[in-house]
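These notes concern the structure reproduced below.
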Amino acid sequence: MKQDLRGITIRTAGQNLYEFTDQLIRWTGASGIRRGLLTVFVRHTSASLLVQENADPDVRHDLLAFLRRLIPENDPLYVHTLEGPDDMPAHVKAALTATSLSIPVDDGRPVLGTWQGVYLFEHRRAPHTREITLHLIGE
Amino acid sequence: MKQDLRGITIRTAGQNLYEFTDQLIRWTGASGIRRGLLTVFVRHTSASLLVQENADPDVRHDLLAFLRRLIPENDPLYVHTLEGPDDMPAHVKAALTATSLSIPVDDGRPVLGTWQGVYLFEHRRAPHTREITLHLIGE
Amino acid sequence: MKQDLRGITIRTAGQNLYEFTDQLIRWTGASGIRRGLLTVFVRHTSASLLVQENADPDVRHDLLAFLRRLIPENDPLYVHTLEGPDDMPAHVKAALTATSLSIPVDDGRPVLGTWQGVYLFEHRRAPHTREITLHLIGE
């Protein structure tokens, strides 16, 4: 049994989904681990992780639009407004989506379904550099 | 340290919660692993995973009703409508619930609480065959 | 490769976020595991886990307020009301947040970002004793 760990960074350009499935597949393939467990962890509280359909881009568009309406900016409820109108909605969106993902690995590949892509979910409007830690254990 | 991996399928009959806790307990027990980590991963983007109370069925009923009202069909917001009025709500519900679950194993059993059941959460109206991958590591 | 498993309890005093990041850091440090994977699992369906900002307490305040408005008590939709008006909202909140978290470990510490704290999210009004299972694997 062996393991590997790696930090990656993703540069974002505003509220959107940034796919990095290929990086996961390449890193897993290069590790020599054929069977095991891949963990993806995002080191932020205003960005999160999402597994979603990578076929029709309208799915991502609608998902972003739905969350923007459900969790609007300038909500009079918010006390925490100093970091901008998009900051508190970003924290709520991150709370309702994933901070970590665990994906089994078989035949040297994460066992993602045909239409599953792995995305960094950026919830802030301004560009950010986001850090993700990957961990792999198996043999 | 050893590991095991297995794919299971669950046939669904419309929007509902389908419990498969027993399969997890049996598979973990049969593995010979006494202490370790069980990972459950769903290979779809319009179905998800849920740990919820398995005592009163009204809890599941109310949860389904709440999500149907929060994320309605025929929302004028949606652009992605080609796959039917229940498809985009299914993607949103999947995004807001879990794609993977990690459950420690002790004494040869997942350490689920007394009232915790593990469910496949089917978000589509039509019957589907859903694939779940299980991974177990430990000794 | 080695592993460790430990149950911890957190006493709660009503709907709130209870940080236990320090316990995770200390337990990981004491384990002798320098690199690996830490899993946190909550054994309840009316409490959950959250990774959120531990700097400005207003973020937690606003998050709680947002969820209370989104998932109100005494919703006429609910059939499951026998356990009190806060029970069904607690199950919905737990369904929309995390039951398990997976955090890679490097240099003997969980790789949490600078502002990330790990919280038990209590959704019930009355005090409860909540059980969390921690699992660590690595070397």
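Letters A, B and C mark the chains as written, and numbering starts fresh at 1 in each.
Here, a residue touches a chain if its C-beta (ideal position, glycine included) is under 8 Å from a C-beta of that chain, and two chains touch if they have at least 3 such contacts.
Everything numeric in this text was worked out from a predicted model, so none of it was measured.
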item: Relative orientation of copies chain B and chain C, as a Cα rotation angle in degrees, nearest 5; value: 120
item: Interface composition of copies chain A and chain B: same or different, split at half; value: different
item: Centroid spacing, where centroids are CA-atom means, of chain A and chain B in whole angstrom; value: 19
item: Shared interface positions of chain B, touching two or more other chains; value: 1, 37, 70, 96, 98, 101-102, 137
item: Chain A-touching residues of chain C, taken from the complex the two chains share; value: 1, 35-37, 50-53, 56, 58-59, 61-63, 65-66, 69-70, 96-98, 101-104, 106, 111-113, 115-116, 137-139
item: Residue ranges of chain B touching chain A (in the complex, touch as defined); value: 1-3, 5, 7, 37, 39, 41, 43-46, 70-71, 75, 77-80, 82, 88, 91-92, 94-96, 98-102, 131, 133-135, 137
